[in-house]
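To keep things clear, I will list the structure first and then write my remarks on it.
Should a chain be cited, it is by its letter among A, B, C, D, E, F, G and H, assigned in written order, with residues numbered from 1 in that chain.
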Amino acid sequence: MVTWVVLSGKFDVFHLTLGVISCAIVSFASGDMLFSAKNVSRVPGQWLRFILYVPWLLYQIFRANMHVMRLVFHPRMMELINPQMVKYKTRLDSEMARFIYANSITLTPGTITVYVSLYGSYTVHAIDDLSAEGLPGEMEMRVAAIFGE
Amino acid sequence: MDTLISVKPLIAVLVSLLAIPLIGFSRSPNVREGWTFLAAVIKFALVASMLPAVLHGKEIICQVVEVLPGLSLAFRVDAFGMLFALVASFLWIITSAYSIGYMRGLDEHAQTRYFCFFAVSLSAAIGVAFSANLLTMYLFYEMLSLATYPLVTHHQDEEARTSGRKYLLYTVGASIGLVLPAMLVTYHFTGNLDFSPQGVLAGTASRGTVALLLFMFVFGFAKAAVMPLHSWLPAAMVAPTPVSALLHAVAVVKVGVFSIVRVITGIFGTDMLQAFDLSTPLLFVASTTILVGSFIALSQDNLKRMLAFSTIAQLSYIVLGAAMLSPKGVTGGMVHIAMHAFGKITLFFCAGAIFVATGKKNISEMTGIGRRMPVTMTAFFIGALSIIGMPPCGGFLSKWTLVLGALEADQIAILAVLLFSSLLNAAYFMPVVYRAFFCPPEDALFEARVQEAPLFCVVPLAITAVISLVLLVYPQPFMQLAVMSAAKVTGL
Amino acid sequence: MSAHFPGLVIIIPLVAAFLILIGALLDRRLAFPLTALALLGSLLTAIGLLGKVIQTGVVEYHLAGWAPPVGIAYRVDHLNALVLVAVATVAFVNLMGTRELVKGLFEDRLGPFYTLYILLIAGLQGIVVTGDAFNLYVLLEIAALTGYALVGMSEGRAPLSSLNYIFIGTVGASLYLLGVGYLYLVTGTLNMADLAVRLPALYPSKVVVSAFVICLVGLCIKMGFFPMHAWLPNAYSHAPDPVSSLVAPLVTKVMIYVMIRMMLFVFTPAFAFDQMAISEPMVWLAIAAIVAGSFMALSTRRLKRMLTYIIVAEVGYMVGGFWLGNRLGISGAILHIVNDAIMTLCVFLSAAAIISKVGSDAIDDMQGLFKKMPVTMGVFVVAGLSIIGVPPTCGFFSKWYLISGAVAAGQYGFMAALLLSSLINLVLFFRIFEIAYFEPFHDHHGDHGHFVSAVQEAPFEMLVTLVVTAVLLFALGIYAGDIVSQIIDHAIPVGIT
Amino acid sequence: MESLLANFLAKYNYWAYIGLVMIGMYAMIAKRNLVKKIIGMNIVQTAVILFYVSIAAKKGKTIPIIAHGHEDTGHHAVQALDYISPLPHVLMLTAIVVSVATLGVALALAIKVYRQYGTLEEDEIAMRIEEQ
Amino acid sequence: MGFLNVVVIFLLACGLFFFFAGAVGILRFPDFYSRLHPAGKLDTMGLFTSMIAMALWVAHEWHLGDILTALKILLIVAFVFITSPTATHAIVDAGVRAGLLPWTKDSSEDKS
Amino acid sequence: MRFLALITILMVGGLLFYGTPDFPAWGDPESPASLHVSPYYIEHAVEDTAVPNIVTAVLADYRGYDTMFETAVIFSAGIACLFLLRIYRRKSTTTRLYRHNLTGITLRIAKGGKLPEGSAEFERIDSLWVPYDMIIKVTSRLVVPFVQLFALYVIAHGHHSPGGGFQGGVIFGAAIILYAISNDLRRAFRRLNEKAALLASAAGVLLYAGTGLMCLLLGGNFLDYSKLADLLYTDAIMARSHGILIVEIGVGLAVMAVMVSLYYNLSSAGRHDEGL
Amino acid sequence: MIWPVDLIIMVLVMICGIGAIMVRDLLGAGILFGAYSFMMCLLWAIMGAVDVAFTEASVGAGVSTVFLVAAVFRTSRRTKD
Amino acid sequence: MQDVFLYSSIFLCGVMVLSLYRAVFGPTVLDRLIGVNAIGSKTTVLLILIGLIYERVDMFVDIALAYATLNFIAVLAASRYFQKKKGLYDEMGGK
């Protein structure tokens, strides 16, 4: 609903009614996707913690970008980089947590999640040694913290 | 000139068409042939019922529907058309009878189809006879071509196929390729296509155009078998004999020449042709056809082929007559339609009767046949005399008129052609008669049982032969009609 | 209600299309009656419209209530009322005739089939009535799309030909759209009547000239005119039979109608005939089309393929007749649109009947058919005669006008081409008749190994429709004079002599 | 020369669309792969759309949605010259829809062809047809 | 508003620079996997910064409508933050499935 | 072939080139195209229909008839695709593949066979092997509802901002396609099966045409929405505006359904079992 | 009406178009065609045709690319030219 | 400020050219995919920039959002291809 208002930018009755109807349609059609029934109760807390996580993530992303940018403009780039695949296991459990973690990895320094197996083993492609070393790292903890795991 | 408005011509045309479903759905052959007869008789009666009016100089008009601006599907019965219709419808009766004998005698297949298309052809022939304008005539002309196709190819074998092909290609091809454009050009010049006694084209086109048109019309009506376009006719002799008889002695070829004469008189007008001096080439073509056709006939062994070439030659007499542009000539040509029809149909009937009785087709195999089939061969003799133009028969009359016409038109060459061709006619007919009657039969040629053909075959040919004879002394309706129309078209 | 006829004639089939789909989802058997009902309604409306036009002249209909240059308007005059009736008739007759065939071919997809069928008709009828150049494009596309789908729905080479049809058809439509765009660029309007008013001032402009050429080329591609005809034989001959008997009579004819409409009522005759001076080359192209179509038809031994080549030639007739630029020629072209639609319908329907029974469309496989299917073959003969142009049938009369037009315009080449093609048609059809007539019937058909001893007459309803079309051929022929004087004469602008 | 250049610059949109039409047509004629042809077809269609949109364009004018933003003080008279002409846009919406519809049908047919012949190359299909 | 202008321009420039770097990276990196790094990260970042800049610019007058527009821009950013890594992941996963070998120093030395 | 192509395109290019010099300069506000009809639209759209987005107003009202056929075009494309490709035969594969989500073991089960115990942890997969990709699935779970909402917004706000039924419908359809891509076709069928899609597409266009018919029944011309005023309890102008909205909804519904149906058919080549 | 951008995008469009028909791989062609549509969308946005741009963004860039990929998936990627 | 946006967009276009190089000449299909994806994200920004230039951003935001969505879907579909059909070169005879 909030999203609707943001999108619409109109506050007369007519459009709000339309908005309500639309939201009803969407939640009827695909509400089950957004909220899996299991853990509705814990959602608000998670959201809060997630918002706190975001600035840190942004910082990480910024660092990552600086890092990659250095590589990009480095005249002897070929010597610096050393692409490799790293595999390791996480202890994250829920799908959402794994998802956020995976995406965060992709966004952060020199690493891309290649594959997340069924039982939480991550395959990550790292651009150079530095990125590869720092992998399981701090991020996992923080993501775990969000979901209270 | 009085005109009468009546639907009789239309009915006369349609009656045989209407009979088709009856014929087609008849269960037993007898019923079928009964319908055929009935239709034929009604048709003849209708045609004949219009005769008195026509003889009184009236015209009967029936306009059906206007299909193009200034052009309608219309019928008009005048003397010339009457003449032709009379011949055709009368002969249909006789031929029907003959067909029954012939077809049953040979146990032909698909007789229902045969009778159906026969009826259609007759409708078309009468339609041509009564048509009031070129368009209507063209319509029925095409209809006739197509309706006779199944008749020509009745045997459905390879030979029939090739000759059917040839037949269609010549007749329809020429009519589409030559008549249609000629008709259109005429229409373009005149704005209508009605036949009128003095022609409609006069004063609208230049000499070259007229010559071209004339050429297109004369050759376009390929049914008339004018020389370069004649070869379909012998080929079409593969048809059953009644077909050859009626259609190739009467309906089809006569429709061709009828159309030519109609066009020459009704569209071009004799005056104009005279003025442009276009009759000479026409005469030349016709004479050539006569002579060449006769010469070829001389060399034929197959009886029907010989008759076919004879027909080619004889048809050109009619064209010749019309092309002389003199009253007598035209009259002679017109009368020749009737005379030749009776004569030639007799000959064809005889050929068919011989075939039914003996299975022979070639002249060389007919030695002594006259003794076995006296009636048939006597009729053949009469028919031959008529064609040659010997006195006791009607043919003499028409040929005589033609000769008079030639004299009238000061065409000595034509006279020579006429006489010479008569000689040729005699030269190819007489041996047949001679061989039939005077040569002793070779036993090997015939089985002992050979007798006259079935009654249904013999009676018609006897009738026609008798009529051929009678026509000399009493040529009345035909002669009078011909004279009337000739007078009208030549303006004398 | 009659005020809404121009709208209804399209809306009935259109709405019915969706109802048919829904109905077919419920019960497959509903599809056919619904379609028949809708097409019947459309046909009646079309006839009513024609009557109205004859009585009162041009009928205008403003969709959404906006007057023409702003909104879209339908403008029904004599020309399109006539073509409309022809389209509706063909559609309805074909629908009735092919029920069994369709059932056999598309048993599991009757709903979609009839939906597409009726959408195609709606599109074509829309093309005919619309008075808006762009609306025409949309309708063109709807007709084309459904046509592609219907044509492609068959095994064998059909999908490939249909794909080629899509390519070429799309190029044609795009070119047409471009032409309209050019016109819009210089006039600012899309309404045909408005365009006709605003264009004359702009005739010297090169834009108009190129718009003219582009439109013409696009339409020529769509109608399968001679150098651009390559798609047509493939698409039509490989299409399923009930479809080719629908598409072949209608699509090219409607395109020719569009050409006539564009040339006469958007670019006025003064521009099209006088200023552009392309009459001569167009007529020569038409001659080439006629000759080429006829000879290609001679060279094939397959029935449907032969018929499609004949269509190529017939397109040449109509285009050539139109570009003769005189009254007779144009009347002939318009008359031939109607006649050829019925003729082609008749001939394709009987071909469909034959093929469905014989199981092959090779001409050589048609031995003995006169015996086995007398009625069908009879109708086929009538249709053939009409195509050849034998008098009482309608084909003769349009040919008559065309040739008269050619004579009047002094285009003797065109006349010769017409006659030549008539002769070739004669040969073509009699070749078939000969085989069907002379050769004895075989139980086995050549190498197909298809056991067809059960060859017999087509289903009853098909026979009825066949006979009806055959009768129509005669009726059209006999009333050709009336049609011309009552309708076509009013359809042609007065300026043309 | 000068004017030619000026002319060129004033109408480069039109040149571009001509170029695209040519590219698309080339693909449709010269390429033997069916999907390539389909792409070429779509390029032609987009080129036409480009042409129409170019017609509508007006230099320095705003988009055809009437501004009723925050600072509006009631309805002020709408000046036609201030807005880009909307009509071609409407037409082109339709044209885009048509092109996607055509694309869908064409692809469906291509799949059908592939199902039949196992290839999308025209010459290979021709070979398959020959073989049959 | 001079200050805001400067901030916006600065952010925009940063964003553009990120984009530029991303593009160069895509061009320069030796293999598919390493190319994904700049593509996935630098583009996202560039988008982020420039969007922020534009959102700021749009919202500088504090009208409700403008703020909503700015929020919408941020919504795009959020959306991209969800989808971009996913897209990157999808591509890289596709690469692995397709059997594309990652470039390593060793392999390049072998070749050269 | 190539040579021919070159010649053809040169001819076409030359043809197009020929007219171009007489074009008004690009972007010229004074070009005739901008002076005749379109000013009317610009100046009267708001007063006539109360729709500020002129394009929408023209699209759905002034030239609403075009749009109806545009919808019909897309509808017929959907039907055409279905008609061409759909294979109604039962699938011939006798085995089904299942994957155990925890171990990644793939089971092949013959037709009629049963799953082992604890089948909740098994997931049916396509015969072409698909990796287990949690990331994409989660993303789609997050994104799909959002996109759908966005699509509805686009439809509803076609009056004020760019967009409208068509775009919204496509986006909605794209959302479902996204779902189908990230999961598999069977799951998408559970959301929107084939028949429902067909029904929706027909219903959508019918909504459009039905609105037009309603206007006709109420005494106006076809599609003349102002006649709906009584039905909607508004004046004629707002009735036009609302009429446009109704129509847009119809378009959106139809387009959505058709897009989805097209995707189903194309990606599974008509078999409707396994997709992309 | 930003003509320099317009010009550049126009060039890009051309490149994309040529690329899409030149690539010897149908999937690549499909992807490039998607890029082509992106560019087109941009072009129209530049010319002020927002609705058209919107439609093209949703149809050309999104759905038709998906369709192309789906079709290529169901057929073959191979192409000789 | 308009100028700034204008030059930014020109610059962005320039950057797109670079990405396009990868898209057109990328050795493998996936490289093209990367290129196109990169172009997509730049285009999103560019759309909003255009909106700023027109001073009608609110109109362009929707487009940008739709654009981002559909770009994502397209990329996903294309990469899905590889997940289903293993092997990059399996059908590309010779290469």
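One rule holds in what follows: a residue touches a chain if its C-beta (ideal position, glycine included) is under 8 Å from a C-beta of that chain, and two chains touch if they have at least 3 such contacts.
Fair warning: this is a prediction, and the values are worked out from it, not measured in the lab.
Any chain that touches chain B and also touches chain G would be listed here, but there is none.
The interface holding more C-beta pairs in contact, when F-G is weighed against G-H, is G-H. Farthest from chain B, judged by the mean position of CA atoms in each chain, is A. Averaged Cα coordinates give chain D a centre that lies 10 Å from the centre of chain G.
Averaged C-alpha coordinates give centres for chain D and chain H that are 19 Å from one another. Averaging C-alpha coordinates per chain places the centre of chain A 61 Å away from that of chain C. For chain F, residues that reach two or more other chains under the stated contact definition are 16, 21, 23, 27, 31, 33-34, 37-38, 41, 53, 55, 59, 63, 66, 69-70, 73, 76-77, 80-81, 84, 131, 133, 135-136, 139, 142-143, 146, 150, 154, 160-163, 166-167, 171, 174, 177, 181, 262, 266, 269, 276.
Counting only residues that touch two or more partner chains, chain C has 134, 138, 141, 145, 148-149, 152, 159, 178, 184-185, 190. By the touch rule above, chain H contacts chain F in their complex via residues 58-59, 62-63, 65-66, 69-70, 72-73, 76-77, 80-81, 83-86. Listing the residues of chain C that touch chain D in their complex gives 134, 137-138, 141, 145, 148-149, 152, 155-157, 159-160, 162-163, 166-167, 170-171, 174, 177-178, 181, 184-185, 190. Put simply, chain C touches chain F in their complex at residues 4, 7, 11, 14-15, 17-19, 21-22, 25, 61-66, 69-72, 108-109, 112-113, 115-116, 119, 122-123, 126, 134-135, 138-139, 141-142, 145-146, 148-150, 152-153, 159, 178, 182, 184-190, 198, 205-207, 209-211, 213-214, 217. Interface residues of chain D, counted against chain H in their complex, comprise 62-63, 65, 67, 69. Residues of chain H touching chain D in their complex: 54-56, 58-59.
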